[in-house]
Structures are given as C-alpha cells and as structure tokens.
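Here subunit A shows up in two complexes: once beside subunit B, once beside subunit C.
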Partner chain A sequence: MKIKDTVHYDWYKKVLIFLVILAGIVASAVVTEADFLEVMQNRKQMYLFLEKFMKPDFAYIPKILGPMMMTLKMSVTGTVLGVLFAVPIAFLATEVVTSNKAVTFVVRFILDVVRTIPNLLLAALMVAIVGIGEFTGVLTIAVFTFGLVSQLIYESIETIDFGPIEAAQAVGANKIQTAVWAVWPQVMSQIAGYTFYALEINVRASTVLGYVGAGGIGVMLNSSLALLQYGRVSIIILVILGVVAVVDFVSETIRRKLR
Partner chain B sequence: MIEFKNVSKVYGNGVRGLDHVNVTIQDGEFVSVIGLSGAGKSTFLRSINRLIDVTEGEVRVDETSITGANKKQLRKIRCHIGMISQNFNLVKRSTVQKNVLSGRLGYYSTLRSILGLFTKEDYQRTLDALERVGLADKLHSRSDELSGGQQQRVSIARALVQQADIILADEPVASLDPITTQKIMTDLKRINQEMKQTVVVNIHSVELAKQFSTRILAFKSGKIVFDGLPEELTGEELKRIYGRNILEDQKNED
Partner chain C sequence: MTRSKGSMKRILVGALTAAVIIYCAAGIDYSGAASFSPKLALDVFQGLLKPEWGYFYDGSGEDLISLLLLTIGIAFLGTAIATVLAIPLALVSAANLWKGHTLVPRIGKLVCNVLRAFPELVYAIIFVKIVGPGPFAGVMAIGVHQIGMLGKLYTEEMEAMDEGPVEAMMAVGANFWQSLFFARVPQLMPIYTTLSLNHFEIAVRSASTLGLVGAGGIGAPLIFAIQARGWAKVSIILLGVIVTVFLIDMLAGVIRKKLR
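So, the complex of A and B:
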C-alpha cells in the first residue's frame, strides 16, 4: 500500500501547516521578548505560590459567604433588570413589529454600541459615574444583560411564524396588540431561556466585578491577592467554582424544561 | 357588499397582481375565486381587507372606501372582515381559547387587550363559536396539539367571534385531506347560509368551487376572465382560464 492511497495522502500539507504555526509561535516570542528560560529560572516563585494555594484556608469560608451571596443577588437583580429593558427594545429592533426601517436601524445601532463595551470596562465606567458599591455591580450587569439578551430576542422574533401577525392585523389589531398577542407568545419561552443563560454568564462575570470596585466577592479576591494570602484566594476560587456549578446546573435544568 | 372599481395592483418587481378589476359582490353570496397560481387570486382577496395596498382604483366594503381609510378607520373595517388562510395562522403555542378570543382584539383598547380583560360576552362568544365548529372540548388545549383540520376549524371560530359580515378564505383546504376538506367547506357553507355572512374563497379545486359556491370568479394574469354561476363554468371556459380543459383531462385519466 502506498501512502497516497491512505487517509494520510496529504501528509506534507499537514507538516507544512505545523511548521508555519511553529514559526508563528517562535516569531511572536521573539517580538514580545518572551523568554522561556527566565520562566524556568523563576519556578521557585511558582512553587511557593502553588504550595500556599494548595492549602485552602477553610476557616475563611464564613467570611466569604456574605459577599458571595451579595454577588449572587447582584447577578439576579441585574439580570432581571436587563431583561425587563431588553424585551421592549428588542421588539423595536425588528421590522416585524415596527415595520419602520429607520427605527429598527437606530435601535440596532445603539444596541451594537452597548454590546461592544467589555464587561470590566463597563464596570469601571459605572464606578466612575455612580461610585463604588454593589449598586454599581447591579447596573453593570443590567447593561451587559440588556445588550446580550436584546440581540438574542430580536433575532428570535425574526424567525417566528408570521401567519399569526397577519391574522392579528386582519382582525383589526393595532401594532401593540399584534406584538402582545401574535409575537409575544411565540418568543416567551425563548426569552425565559435567554434570561437563565444570561444569569449563568453574569454569575461568572460578576465574581470579578469587585476588582474595579463594583462590589461582591471580587473585592475580597482582589484584597486577598494583594495581601499575598493565597490560602484565602484558593478558598474564594473554590467557593466561586461551587456556586457557578450549582447555578449552571439549576439554570440548565430549567432551560431544558422550557423547550 | 364588496366593490372593486378599476382596481390595479403592480408589485415592486413589476408583476401585475390585479389589472383593472371591476366587480361587485353582494351580501350573502358564496363566491369561489379560481385561477392558476400567480393569477391574482390572493392579491384580490388581500385587497378586500387591505393586507395589500392597491396601486390604482378603489375598493369599497359596505359603502366605505377601504383604500381611502386612515389607520383607525381601517382597523374598524377589518373588525368586520374575518380571514382564514391555508396555514391557519394560529399562535401554535397558545391555547385554542386565546386564539379564538384574539378575533375580538379589534374591539378592545390596547391596555385592556394587553391585560386580557375580555368581557363575559366575548368568553361566551368564544364558547359558542367553538361549539359551532365542534371543538368546545378543546378550549384549553394548545393549538399545536390539534390536527390540521381541527386547527382550521379554530381559525374559522376566530373569524366567527369577530361577528364579521364577510369571511375571506385564502386556500382554506389546500393542506387538508379530502374528508376534512368537505367538512371545512361545509362549515363555511353553513356559516354562509345560517348567519348570512358573505364568503369569498380562493380555491384550486374546480369541483369544490362548483359544489359549494353561488358564484365563481376566475382570474388570469390579474384580470377577471370568468364571472358567473357554477353551472356556466363549462369545459370551454376552463380551457380559457387554465389553458387546457382540466375536467376533460381528469376524465381521460379515469
């Protein structure tokens, strides 16, 4: 059997691709002056960190639970707020409902802008505007959720069955009545699904919001790191992992039921 | 009474949906509209409740111009025109009751309909309409649990609660089996006879058109090429409408 009869007939292409990638890595290391040897020489520091990190400070748990709950509350409140605002705006963002190109265009443009702001930057902005604290976290999450969910909603509105819309128009319903009676029932369960999806993302994201002063568990994580209390850092991360896992599980179970 | 006065519809792509149509449909008629796909049947039907805006001429419903109506007047006229379509146009995730009740939307203010504050009378109308089409036991079923024929009867019930004077049916039986087709057409005929509602139905089957209607209109390239009684629709006429004698074709096949 010759090699050109096997699935490896184009082996030289694969080798070439591998070499190109390797060259890319080396080139970028050179450009950024990254030195692998230096990393190896400093491994002692790494061991030191890992050693402390591997010994979670379980006694610290009671002090974490409060801020962790606060983070959860921030996520839930922010998600709910964000979705509440996202629903009507998403309806405006589809021609299906507005039958007005200009309105749709403007609303979508604003939503696009909102979405381009990264989470942490948004939090930093909010801190600058509103000040430090949990409320800032809630606002950040709300704005982020708003951008995320409104796009998901208007995209699902565009894929609904248009028959009921025509039927509603034919019985003399106005625009709002059509939206409420012909569009809403078709996207309602999807919106509920998106809400839980956003909540999953938000719980994860909100844990670091404290970094920039937006409250919650992130504040403790930040200060523990700064004080080189790696035992505490480790237990905080473990608690976050546990909470995120639970939220993901609950949310996914509910989302599966909604389908 | 539905009046078309010199009505034309030219679509954006230049296609002529209607070409100078003049026709009057009296109250209580059962009119079947036949013709090839793309001949203008749907355009004709949708001009009556202005789901399509015509480009020329005037459509009048019960002496009121629908082409000249403003938004509010249009909604008011539409309250009195029921519509049934091939795809049933039900909200599949909603219950039968909600779908039928939505036929009353035009009579309610925005706020009341959002809150679902329907009157006792309208709940009763919904029940009556469902009884009429034999689906009273399905009141709280989700619409997508029903068969195609049942869904079409729900959409008929929705037109019934409107207490419309006119019912427009766009290919109401195109996706149904022959037995269900007979039932649906019989339902429409009964509504026409018992409740004196004018029925205009687009239909592909010439046999059904002949069996159920009091008058047949045939469209070809946006023009009415036949307007008469079912018995006047001879093989010769069909040849003119469809380009070949389809009744003869069928006999030969048998």
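So, the complex of A and C:
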C-alpha cells in the first residue's frame, strides 16, 4: 500500500469524479423517468403479484423436471463447446503468445464483437436462422461462452509469470511449443475454473432462453407467464433457484479445489 | 509438476467429466438442426449486410440514437443503484468482518443468492407490473438483480483481501470503522470500481434485451424486427448495440487501466 492508495491523496480529483458520476445518475434518472415514489405507491400491485406468487403449484413439479434437465444438458454441452473454441482463440488474442500486434488486435476485435451481442438477442437471432429447438439453445450458449471465456483466458494469460516463456524461447521453442509448454500449464487450472464459472452463468441464462424459443425450462416459464399462471411461474422459478444453487455449490467446490 | 503422483485420480476425474459431457450432449434433440436451410441463412446474412440507415436518426425520439441513449441510461442508473446498495450487503455477508458470528454472513449470502437467482427478465416482468411498462421498470429490474451479483462479488473480494493493513491498524488501536475506511476501503476501492464497471457493461447488454417484456430500451424494436424478419432493421439495430457496447467497453477499459 502506497500513499497514493489513501483516501486523501488527490482528493479534488476524486470529488470531480464523484460529481461526474452524480451527473450521470441524474441524467439517466431523467431519461428513464425514474420515480422511486411510484414503486412505493404501486406496491399494492407487488403484493398482489407476490400473493399469487407465494402459492407455488407443487403439483406442477413432475412436468418441469424434464425441461429443467434439458436446460442443464444444454448448458453443459454449450459451455464445453464454447470453451473448446475459446482456448485456441484466446491464445491468439495475447501478444504473449503471438508476439504480433496485428493478429492480437484483429482477434480481440472479433471477440469483442461476439461478446457485445446480448445472449437473449443472440438466441432470438439463432432461432430466426436455425429454427426453434434445443439445438439453437446449445449454439447460443456456445457462442456466448466462447465470447465470455476467451476474454477471461486471454486476460489471465497476460498476468502469467514470463519466466517459463523466456526459458522456453531461450532453448529454441517455437510459438506453438511455447504456448503448450510454458503458457498452458500456468493457465490450465484457471481455464477449468472459468469453465465452471461460465457454466454457472449459462445455467442461469439458459433458463430464460426458452423465452424466445431456444428450448429448455424457459419455454415453460414463458407459457406460464403468458397464461398468468403465477403459481406455476413461482414453482418454475423455485426449481430454477434450486438447480442454480446446486450447480453453484458443485462448481464452487470444484473451483476451490482447483485453486 | 507432479504428474505421476495423482495420475490415477486425474484419469478418474477426466473419465467422469467426459462421461457427464457425453451424457449431456447425447441427450439433446438435434432434430431442430435438420430443418436448417442454408438458403434461409443466406437470406438472413444478405439482409444483415444492408442496414437500414434511415432508422439511425429521424428526430421522432423512437429512432436508434435516442433508444440507445435510453438503454445506456437504464443500465447506468440500474448499476448505480446496485452499487450503492451492494456495499452494505457485502459488509453484512463478508465472513471476515463478523468474527465469531457465522449466522449473519450466511444470511447475507443467502439474500445475495436469492436476488441473483431470479433472471433479470423475470424481475423486468414483475416491475412492469408494478411501475408500468417503460424504462423505469428496466432500471429497477437491473438494479435489483445486480445487487445480488455485485453483493456476492464484493463479498468475495472482501473475504479474499489482505488482512495485513487491517491487523496493523487494529494493533495500534483503531476501531472497526476506522479500519474499514482507512485499511479496507483503499484496498478494495479499485477492485470494486472494476467490478461495477464490469457490471455496467453487462447491464448495457441486458438493458438492450429487457425491451422484450416492455421494460424500455432498444430491445423492443429489435425483437419486433426479428419476428417480422426485417433483417435490414435488425442489422442497423444490432450494429448500434454492438458499437455502443464496444465504446462502453473501451471506455471502461481506459478507466480500468487508470485504476491499476
């Protein structure tokens, strides 16, 4: 910790940043017509919703277990597919591996573009192109994972210890050899960690993918919402919650072991 | 680098992972892919290559630029609300601040997990019911969802932080609040800012989808255009979203570099 890490250092700059952020907040509140009193005034609507919501339709559980399993399968397949593609591309996105600014820039640019498309929109696009179904969900998750994980991987490659790379280069290793023997061992466990992290996100995301027709539990969620069957909505959400918690727990346990 | 030591275990873990993956991949219905027609996809791509520039700005307030600004506004306000509210939540749920009490942090973490577990889309649907359709519903949806996300991440950072400076301050007689503001905050500030920035980026992406359920932003016209297969309009909107998110990511990158 240095003097510049303390609260007092350059305080006028901090005040300025604070004012800029405040201005941003006020401006956004104006354009979005934010009115927090409205939330309070209309809390009756919330109670009404919650009241129906608090009576989960437990009899509906057997019907949602199948789609829920499907959602899990979709997430796992999509995540694995995405990571498989992400690893080689992420290696290309670092100067550490390529030692070529142009390649790195182009690859990163493509990755940035992939990452900018929100997954629900990606799903909607995929549904339009490939058609309605589970496979579309898998593709969406794969593309989304690819964008997410490749960035995480190339960022962690940039923070590795450069010693082994220099050592490998000193004994005449080419770029591929350097990548496999000096970079890969250092990021391997992190990549495994990111895979589980992506899986957690994907399980969550894939629960709503069905909303646009990409299969899984989201289809049930969508139809129950459309029919105003809040009892069913709440049991679906409860099941999702349970599954997400289990996946998070498993993945966190594994990630802790990987560290 | 002890390859031989746990090699049995390694093989076992590998086999188990492979089995799970194969089971999952085999359980998916690929029949949807059979109906895929290259001609249709080609049509889509051809349409996507011809953006409808007229939609970019027409002064009606329903054009691309105004809706994109609105989307950014939704994301910014949502993230700001979440950041402000996630900090107290993190203070409650960080186990290292509650030495001896395991119950309080557990409750805090449970709150985070419950908030996080609902998809943003579901929040959006609820808030559209409460405050009516419009951008404000989107703000609330993103805000509430991100309290859970940021709360969890803030807590993790708090628990992983270097306790050295805190102990040093405690040793010379600082109380809890003094050590919080002078040892913990300075250390965590850059990380927290980075996380909030990250979530602002994520929020911009989700804000652009919330229009699907009537929570404002660019999402609604985009979904309508996709459903109507108006690829020229889809193209210009996607282009707009990509450029916006790209610019915000770049800006965030610059800020992040300064924080280091």
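Keep in mind that, in the parts below, the second predicted complex is superposed on the first by the 208 of 259 C-alpha atoms of A that agree within 3 Å, B and C clash if a C-alpha of one lies under 4 Å from a C-alpha of the other, contacts with A are read in each partner's own complex, and residues count from 1 in each chain.
Methods note: a residue touches a chain if its C-beta (ideal position, glycine included) is under 8 Å from a C-beta of that chain, and two chains touch if they have at least 3 such contacts.
The structure displayed is predicted, hence computed values, not measured ones.
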| item | value |
| --- | --- |
| Contacts of A:Val180 with subunit B and subunit C, given as first, second, both or neither | first |
| Partner chain(s) touched by A:Asn202 [first = subunit B, second = subunit C, both, neither] | neither |
| Partner chain in contact with A:Asp35 - subunit B first, subunit C second, else both or neither | second |
| Which superposed partner A:Val171 touches (first subunit B, second subunit C, both, neither) | first |
| Per-residue touch tally on subunit A - higher for subunit B or for subunit C | C |
| Touching partner for A:Leu241 - first (subunit B), second (subunit C), both, neither | second |
| Partner chain(s) touched by A:Asp161 [first = subunit B, second = subunit C, both, neither] | first |
| Partner chain(s) touched by A:Ser189 [first = subunit B, second = subunit C, both, neither] | first |
| Set of subunit A residues, in rising order, touched by both subunit B and subunit C | 185 |
| Interface residues, subunit A side, partner subunit C - complex | 1, 5-7, 21, 24-25, 27-29, 31-35, 38-39, 42-43, 45-46, 49, 69-70, 72-74, 76-77, 80, 112-113, 115-121, 124-125, 128-136, 138, 185, 204-205, 207-208, 211-212, 215, 221, 225, 233, 237, 240-241, 244-245, 248 |
| Interfacial residue positions of subunit A with respect to subunit B in the complex | 161, 163-164, 166-174, 176-177, 180-182, 185-186, 188-189 |
| Touching residues (chain side subunit B, partner subunit A) in the complex | 49, 51, 71, 74-79, 81-83, 85, 87-94, 98, 102-108, 110, 113-114, 155, 158, 162, 168 |
| List of subunit C residues in touch with subunit A within their complex | 1, 20-21, 23-25, 27-33, 35-36, 40-41, 44, 69-70, 72-74, 76-77, 80, 113-114, 116-119, 121-122, 125-126, 129-132, 134-136, 138-140, 165, 181-182, 185-187, 205-206, 208-209, 212, 216, 219, 222-223, 226, 229, 234, 238, 241-242, 245-246, 249 |
